[in-house]
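Next up is a structure, given as structure tokens.
A, B, C and D label the chains in the order they appear, each numbered from 1.
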Amino acid sequence: MDFLTIIQVLDSTVRLGTPLLLACLAGLFSERAGIFDIGLEGKMLAAAFFSAAVAAVSGSVWLGLLAGIAASLVLSALHGLASITFRGNQLISGVAINFLAAGMTVLIAQDWFGQGGRTPSLMGGGRFEPLTFPFADAVADVPFIGPIYSELLSGHSILVYVAFLAVPATWWVLYRTRFGLRLRAVGENPAAVDTAGVSVVGLRYAAVAICGVLCGIAGAYLATALQAGFVKDMTAGRGFIALAALIFAKWRPWHAMWACLLFGFLQAVALRYQNIDLGGFVIPVQVMDALPYILTVVILAGFVGKAIPPRAGGEPYVKER
Amino acid sequence: DPALIFDLGGKFDKSFNEAAFAGATKWAEETGGSFLEIELQSEAQREQALRRFAEAGANPVITMGFAMADPLSTVAPDYPDTKFVVIDVSWLDVPNLRQVAFAEHEGSYLVGMMAALASKSGTVGFVGGMDVPLIRHFGCGYAQGAKAVNPEINIVANMTGTTPAAWNDPVKGSELTKAQISQGADVIYAAAGGTGVGVLQTAADEGVLSIGVDSNQNHLHPGKVLTSMMKRVDVAVYDAMKAGTDVETGVFTLGLAENGVGYALDENNAELVTDDMKAAVDEARQQIIDGEISVVSYYENDTCPALSF
Amino acid sequence: MAADRDTGRQEAVAPPPAIELRGISKAFGPVQANKDISIRVMPGTIHGIIGENGAGKSTLMSILYGFYKADKGEIFISGEKTQIPDSQAAIAAGIGMVFQHFKLVQNFTVLENIVLGAEDGRLLKPSLAKARNVLIELETEYGLNVDPDARIEDIGVGKQQRVEILKALYRQAEILILDEPTGVLTPAEADQLFRILHRLKDEGKTIILITHKLREIMEATDTVSVMRRGEMTATVKTSETSPEHLAELMVGRKVLLQVDKRPASPGKPILEIENLRVVDDKGVERVKGIDLTVRAGEILGIAGVAGNGQSELLEVLGGMRTGVGTIRVSGAPLALSGQGSDGQARRDQQIAHVPEDRQSEGLIMEFHAWENVAFGYHRDDIYRSGMLMNNAALRADTEAKMERFDVRPPDPWLAAKNFSGGNQQKIVVAREIERNPELLLVGQPTRGVDIGAIEFIHKQIVALRDQGKAILLVSVELEEIFSLSDRIAVMFDGHIMGERLPDQTDEKELGLLMAGVSGEAA
Amino acid sequence: MDVMPKWADVVLIPLISLVLAAILSALVIIGIGEDPVAAVSLMVKGALGSTYGWGYTLYYATNFMFTGLAVSVAFHAKLFNIGGEGQAMLGGLGVAIACLYVPWPHWTLALIFASVAAALFGAAWAAIPAYLQARRGSHIVITTIMFNFIAAAVLNYMLVNVMRPKGAMDPATARFPEAVHLPSFQDMFSTADSALFRGAPANITFFVALAACVAVWLLIWRTRLGYEIRAYGHSETGALYAGISPFRITMIAMLISGGLAGMMAINNVMGEAERLVLNATEGAGFIGIAVALMGRSHPFGVFLAAILFGFLYQGGAELALWTSIPRELIVVIQALVILFTGALDNMVRMPLERVFLRLRQRNG
């Protein structure tokens, strides 16, 4: 693997890791507050559709982004209603949201555009264009640093930078602010928060809302930055991988970033090296395809200890029955 | 009324189901007729849909895809008065069945040639959807065509995945495209359903050429899509519906000669296809029709002479 | 003293009660936890509340603290009618509460727990810095020292309780409610707690103290209220009552406050421990080579501050943890790790075990009572019919046990979590004692249990001893150690500090041993 | 202690929830410009109005019973097995191998051994995540998700490169021999003059599924093993106290779970398709999660929830057949049913409890 290939693989890693990272951070906020969320997939999908749809209709990707976030927020609110207000089963609610998004996006897309559950292709201002860093072209030929700067760091859509900035931001919010302290507390012991005079319900809704915003950005990134429109089921299981990354990261922001980059990297490598020929024996494409998943299991079994979720996670907060 | 049974991909799969739907719609618009239709959701519905439509008096019952072969062979004999049509099947022995198969390898051969002719780098790409024999069949014809033009050409072939999600993952399609571009590919053929949307998009964004599949996809990115490998499922469905109950049964293989497959040329790619290219490809087309060139089908012995999967 | 003069002056103008509750009622579904309760608590006093398990004490206080909402009734703070819809309102009204089950975030530091909900400003750092200063002041003022940067999960329950009190003080509570604060404390810790409470009282703060321990009521409080079955049955001046009287008010009958027990007649050694060492989950050695012997027909009590290795000792004996060393029961060696060292094997060797934590170990809270009665013994042939479990036999057995052990309500179908703590404990004790084991391990048998139930459980333990069985008792309650043990061993930091006979020692000496001051040196 | 009588909890609340889900579904149907009354009656008639309809409803229900039970058993041990999909795929491989490579004299023998093969393959696929959870603490949710993807790759490889008959286009095995054909309901219940369950795929496996429900019920609620599984699921420290080995329970519960998921294959692979196709499981493993959650992990609840989903699948097929309503509508209806009966049940329960409490106070 020569240097340029490495850069390209890493570049690909960043692109594939970004939606995972956004969804993973989304899950982090929600689960740190004690609300398990297997509906990340559905929220991303809904956001992908609405961002593409509104961007297509209005021609403005920023309006699209807002619409995507709004759609994801609506599903978040539903999850909150079910699991916070009505103390329902958070897993079931998440499953329902995934189904709901899978069905509704296509139904609405068909109703609006009649293009078989797709949105029209986005043109011009309907898409997030890559940002080129200053002097990126100029330094491209400088050995080593040049490609890193111009290929790997520069040239992604703004949402990628948002995603990676969200990591320190999440860390800062979680560990350096009052809100973060309360958020982490409510996921560990909601009664402690309640008796300290802070609203458990309010905090949890706030967390679920942040989760919605981040999932919204993730979905918009898929449909309006990586792609130029919505295709049904286009999240293709990324919400579940993000969830796996979250557990992998033991619910910590920086670890989440590394976990998502690892997943992205494994996928990028697998995409680039199908059909490796080992002196006559060709590794079947299926093996390469499954490799990211196999490696995840190996890493999990070999290097990552027990992951203990937030203690109050998954359980509705019930004071009296 | 005729009935149309779409395969699991759904009628808007950006691929042959959608083409079938287009053909049926055209028939309905022209004749003012109406047709029954179902988008299958599960394997068990294949037989169910056949029987239910046959019992409801639909005739002919048109079905899509090789996966219908097995259910048809058990159901069709039960309804001798109903005519059945199946696309992509050619090996059954059922009297009241019209089997329409396409010589996709021949069409792919032509676009493979065009890819090799248009390529400046000497590397062309192929992105498949799920790794199934049909897709290898496409890829195999493509590779043969490319090698016919340039025996030294480098063909990068990738499959998107091993689950049905592989048909609807444009993001992965994009990444594969970028990976192929970085390996030098400057023309990329996508036979991957919804995933292909991502391939064509990225090729257009990155300034390389792409080749569409099944229907004419040149218009998706005018001036950026070299051509499309046309598989005239729409025509096959239209014809069957038009013939109605009189539809002829038997096995029909639609190749280049029958215009069942071919490459698309329209105002969107006119500038991309030079006269030389067109001449070379048309000549090959005629040679294939005349039997002077034989394009090997992947199915013949599950291997491809020009590409290993 | 200044405080005396203060109270004198206030009495002259007849100050309003610090707290007045009028007609408070609260139902949890069909259960009427509080019925029309009225109570007045005077400022600058310590007001005790006693009552059996489930009498409604915690509920009443939780209402005052805004944790629950009352169905009916009014609350007056310093004479002013106050709405307390949530804990925030309670805190604003100057109320602080230390719950029976602490409300702390286990993986937060002490400091974080204290500022939680009382931060100033959106950023954490200044809040924490300020809290650290206040904490140091509070610590020096009241002697409440805890390491502000320690994690809650790493400190003992005694320290955790200090954190709870600091939380209240940090919020400048004028009224402090403590719900069973001494249940988990050592005598020394309890003494210190009461010193602190008196200081707070001297500063004019009002304190409500819920406890099951009559001695504490008698020593610490000015006034005491008694609750029974959701109602307030009496409020008396402490100086005008007696423990016996209070016990009677509480339970509705006369209670024996002292265990009635004959001298032991120890037989051959049953349990012999030699050089036992145990390492805990974090890799810390908790038991550092101890030797012990318990004979047939005697109760060996192990006294010690929680966290000095007693729990690990019990767990090894009960097959819940591995250790190294030699242990023999009735002469036969016990496996301490690997095959044959689990709870099943222990039971096969006639060892029964009343674990320290009934809720997370001794019972499955979601199981019916009848399922819990077989817990640990579910593989026994008597509970089996063919390949299946014989549930009918189990239920019959449960009914019999419930009757013999006076479990209330005697309903085998009730889930364990729906019994009060005392009755849960009776189910565990019944299960273990009725096996008629050679050796009974007992951990904290009466933690949080009311005096009626304590009396009963103690009687059962003594009765087993009188049948010639060996009993190893671990308790942090010195009173319990004294009244049950035939011999007392004191554990400190994984070592046995010494053995004493109960009639030849006193709380003071044991207290020193428990603090690691060896008897010879003292 | 409970406020409400048990029947209200078990019957009334799910019914009201279903009605709410139906009302919302109707609004969605109106939203896409169709007639909800016609649609619903088409679904009900198509799924429950004839033996034909029942034949499909019960066929789907059989799949969901197996996967639902699989999730339930693991759930009782507090293990969240998301891997039903992959385990069912592997179960299909086991069935295919058993049916294709052994010349069975009679379907009864084939059924027994194919069931064993399916269960073994499914269990084997659950064994690695189980072991990693028990010994290394690797989170079972991640490992089972990963194993679903890996199973898809394995199946794809086997069908494309190994088991596909030469020259066949279809990535599928050859058709199983006639001798292993399982009796369908049509074979079993039709008489000379009335053809019942015509063409429907429901087959004898349905009764195997029922037996599995009973067996799981016995296992969980009547055996010592089940007692230990439940005890471990409720409290790990409690299990330790009682001498129940966490390792043993984790392994056994997951093996049983994987085995049950694998056994789904005898319904869809051996009973219906009579060959193994790439897409054999069709997400039934995931539906199993919803079925188990809605059935509250009790075999009877799983049974009912499986029937409900069977109804939705078959009713949806009828909609797809006779209307041009997009098939995604069915997905939406499923989502609403899961949401209301599973996650929002307290929305119905809370007010209902108040009503019952008031009734009770008035009477007592």
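Simple rule for what comes next: a residue touches a chain if its C-beta (ideal position, glycine included) is under 8 Å from a C-beta of that chain, and two chains touch if they have at least 3 such contacts.
Every value quoted in this text rests on a predicted model; they were computed, and no experiment measured them.
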Checklist entry - Shared touching chains for subunit B and subunit C? => result A, D
Next on the checklist: Tell me which has more C-beta contacts between its two chains, A-D or B-D.
Outcome noted: A-D
Next on the checklist: If I average the CA coordinates per chain, which chain comes out farthest from subunit A?
Outcome noted: C
Next on the checklist: Using mean CA coordinates as chain centres, what's the gap between subunit A and subunit D in Å?
Outcome noted: 29
Next on the checklist: On a C-alpha centroid basis, what's the spacing between subunit A and subunit B, in Å?
Outcome noted: 34
Next on the checklist: Can you compute the centre-to-centre distance for subunit C and subunit D, using the mean CA position of each chain? Integer Å is fine.
Outcome noted: 46
Checklist outcome for this item: Check: subunit A positions touching at least 2 other chains come out as 110, 117, 286, 289-290
Checklist outcome for this item: Each of the following residues of subunit D touches two or more other chains, namely 149, 152-153, 156-157, 160, 326, 330
Checklist outcome for this item: Residues in subunit B with touches to at least two other chains are numbered 10, 131, 162
Next on the checklist: According to the definition already given, which pairs of chains are in contact?
Outcome noted: A-B, A-C, A-D, B-D, C-D
Checklist entry - Of all residues in subunit A, which touch subunit D in the complex? => result 78, 81-83, 86-93, 95-100, 102-104, 106-107, 110-111, 117, 240-241, 243-244, 247-248, 284, 286-287, 289-290, 293-294, 296-297, 300-302, 304-307
Checklist entry - For subunit C, which residues are in contact with subunit A within the complex? => result 28-29, 65, 67-68, 86-92, 97, 99, 103-108, 112-113, 115-119, 121-125, 127, 167
Item to check | Residue numbers on subunit D that touch subunit B, as the complex places them | outcome: 56, 59-60, 149, 152-153, 155-157, 160, 164, 166-172, 175, 198-201, 268, 272-273, 275, 277-280, 282, 313, 316-317, 320-322, 324, 326-327, 330
Checklist entry - In their complex, what parts of subunit C are in touch with subunit D? => result 29-31, 318-320, 342-347, 353, 355, 357, 360-367, 371, 374-376, 378-379, 384, 387-389, 391, 414, 418
Item to check | Footprint of subunit D on subunit B - complex, ascending | outcome: 8, 10, 36-45, 47-49, 51-53, 66-67, 69-70, 75, 88-89, 130-134, 137, 162-164, 299-302
